[in-house]
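Below, each structure is written out as structure tokens.
Next come two complexes, and both contain chain A; in the first it sits with chain B, in the second with chain C.
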Partner chain A sequence: MSTLLKPKTLAIIIGTIALVVIAILFFRVPLPTILLPGEAIPGWKIGSFQITNTFVATIIADIIVLALSFLAVRKMQEVPESKLQNIFEWVYEIFEGMLMDIGGKEKAKAWVGVFLTLLLFLLFANWMELVPGIDSIGVIEPLEVAYAEKGVTVGYNIKHIGPFITLTSEQVKLTDEERASIVEEAEKAEAAGHEYHPENPKGYVLTPYVRAATTDLNLTIGLALLVIIWSQIVGFRRLGFKYIRRFAMPHITGMKPVDIIVGLLEFISEFAKIISLSFRLFGNIFAGQVLLFVMAFLISFLLPLPFFGLELFVGFMQAFVFALLTFIYFEQATHSYAGDEHH
Partner chain B sequence: MAALGLNLNYLISYIVNFFLLYFLLKKFVFPAVSQMLEDRKKRIAEGLAAADVARREAEEERKKLMAQLEAERAEAQKRVAAASAQAEKVREEILAQARREAEEIKTRAIEEAEAEKQRILAEAHKQIAELALLAAERVVREGLDETVQHKIIEDFLSQVSLN
Partner chain C sequence: MIEILSPGLAIGLGAIGPGIGIGLLVMGALQAMGRNPEVAGEIRTNMILGIVFAESIAIYALVVALLLLFVGAPGLQ
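Entry: the complex of A and B
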């Protein structure tokens, strides 16, 4: 008990409690609108292509990865002076070595590029959820418009601070009658050929400019589809028609009826891989983001901190798992089940 | 599907995006890194091998030099030994020569002294004889008595011994 009473310890405890109390009393933050799809940023359109905030994050992640890697190899030296080059070489060597342990030298060399591209891209895409302010800087639009377009029913009041507009923590909810009338008015506006603008918005909704790219199912499913189709191509190119044998009458048990079912299961498992790859990544990162939102919403100081650490780890882990599983699927696709090796 | 936000346009754009990223990295970044790592590995291996060869060569060179040095030292020693043996011999010879010469000189001196002595003796004999004759002549010429004779002889002899 004596350690508790040391002035320093006491000060820390009191400071912590004071921060938490201040946060609860004065620094309430609104809970960001949680939507499953990537949110369209109002007014950001290229032709007919509506830009979503997850798309912006994808481009940012691309730029970060490209900038870092091109800077790293820009002036390569045999005796490296740039730390970036050192780090890049280190990453390359470590993961190439790891892939060699799994799939042998030739396969590691062939696919280390896919592995590293996935790893680096997903790493920065995942970690973007950790950037402070990422979920709170964006476009504010009336709740009514948000309801008509995305089905958002909860908005917030706004206040002006200097040149900036910010949401307050006072929630506003749409009643059923209001929802019905909004739908009506929006349809009317569309029929008249102009955009829907409510006269007196009841509340406002913020759409952030950037939202971690991997919280968009389009990205994760797209990547999963890509790598699974790619793995079919890899298998077919390496084994030829023998690759098809794994789905139709593979020689595994030697009993024909069983082998037919095994082949069927192989076929189904390719689809299961798409689902598991994409939803694992999406679920982890989306849940992580919601977790960070909710923690900041509960107590805006201190409480979110440990979860930032957790998400840092999860972000890396998910990127790594996705990239590694991709390599393993590629590697598995090169194993022949035609049977002529065993019989 | 719509509730999940699935949209074929976005999906395809993400796939294309990833392909572009992969293409750029695969084309410009990974080969450079891989090449650099290979080159460095090769350079290090070469450097180590070269260092090994150099060390072995140096060792051989050192051994060769040591052997040469050893041989030279032995040679020098042999030469010194030979020289000192030679010197000893010369010394002996010189000594022997000197001794011989000294001996010769001594012998000659003795011989000469002997000859001188003989000569002097002969001379003395001659003079004694002459003196004796002279004395005898005087004695005869004077015809003196015995005492005078003795005196004369004694004078004569004292004269002789004075000579």
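Entry: the complex of A and C
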């Protein structure tokens, strides 16, 4: 109690409370438009290929991982002087040791590269949601256009600050009649062959240039498909044609009818793996991003801070889990069920 | 009203089971770690794997909730 009453501590507490109150009263943050698919950035097109903001984030994450790895191995030394090489060796050794505990020395050495590539890429892709400026700098377009193209119904007013335009926290909602008329006008504009531009936009919507890559299902399903198909290839390469026995009557119980059903279940679970692998990563990061949005929307000062810490942990955990499950699926694919080796 | 209620119910009810499951799992793992601190690393890896598999049940509920929220069920509109 006595430490609480020191003038310095008291000043900090009162100052914090005052800042929270000021944040609630004057610094309201608009709630970003929450959309499931990656948002197309207006005007960013290469030929007929529309660039989405999650695509931009994927490229950035790729570049970061490639650049870091390249810098780390540029001047390889037996006793490394560069800090980056030291860090990379340390990380490599930790995870190689961990994989050895799970799958044995030979398999750990074979797939630690895949494991670390996935881990590093997903780590940077996940953590991108925490960087300021991402999700908040982008193209501002009229709410009517956004409704016609993406079905967004809530927009914001805008304000000019010097050369920049920013959204204010005043929400604008489209009524049912307005929605119907927008659809009509957009169809008319399309029939006439020009783009739809409303004369007096009711509100505006922001499409960010960059949005964390793993908040787009396309990336996570793509990665999960890659991993599962790759694990089938690994199985065929290690076991040859005997790998098919994993799905067709594996030798597990010795009772043929039971084994047939087990094989069928194993086959179905390959597809369930794609769903659970992709949606786990996507769900966690997408939910985390929405959580950060909502917390900043409620009180823009102090309140989001613990959630940033939480998301830092979740981002690492999900990247780690994805990479670990990849390793385990590879490892499982090399078990023989032909009934001549283990039983 | 039902459009707002149904995704909430889907994720809310779907998260009960995995929540209890993850709690039990971590309880068991922590007790094991307390009794055998020398194998704590191995237990921790397996605990994380177990949590991941329990969590994937909640992920299925999340998928349903997201589908209801953003795509909508055919009968609801």
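The working rule: the second predicted complex is superposed on the first by the 341 of 343 C-alpha atoms of A that agree within 3 Å, B and C clash if a C-alpha of one lies under 4 Å from a C-alpha of the other, contacts with A are read in each partner's own complex, and residues count from 1 in each chain.
Simple rule for what comes next: contacts are C-beta pairs under 8 Å (C-beta built on N, C-alpha and C of every residue); 3 or more make two chains touch, one makes a residue touch a chain.
In this text, all values refer to a predicted model and were calculated from it rather than measured experimentally.
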item: Overlay on chain A: chain C relative to chain B, clash or fit; value: fit
item: Contacts of A:276 with chain B and chain C, given as first, second, both or neither; value: second
item: Which of chain B and chain C A:52 touches, first, second, both or neither; value: first
item: Touched partner set for A:223, first chain B, second chain C, both or neither; value: first
item: First, second, both or neither for A:287, with chain B first and chain C second; value: second
item: Touching partner for A:264 - first (chain B), second (chain C), both, neither; value: neither
item: Touched partner set for A:36, first chain B, second chain C, both or neither; value: both
item: Which superposed partner A:321 touches (first chain B, second chain C, both, neither); value: second
item: Between chain B and chain C, more extensive residue contact with chain A; value: B
item: Contacts of A:92 with chain B and chain C, given as first, second, both or neither; value: first
item: Smallest separation in angstrom, by C-alpha atoms, between chain B and chain C in the superposition; value: 5
item: Set of chain A residues, in rising order, touched by both chain B and chain C; value: 36
item: Residues of chain A defined as touching chain C within the complex; value: 36, 98, 101-102, 275-276, 279-280, 283, 287, 317, 320-321, 324-325, 328
item: Residue ranges of chain C in contact with chain A within the complex; value: 41-42, 45, 48-49, 52, 55-56, 59-60, 62-63, 66, 70
item: Sites on chain B touched by chain A in the complex; value: 2-7, 9-15, 17-22, 24-26, 28-30, 32-34, 36-37, 39-40, 43
item: Of chain A, residues touching chain B in the complex; value: 35-38, 49, 52, 55, 58-59, 62, 65-66, 69-70, 72-73, 76, 78, 88-89, 92-93, 109, 112-114, 116-117, 120-121, 216-219, 221-223, 225-226
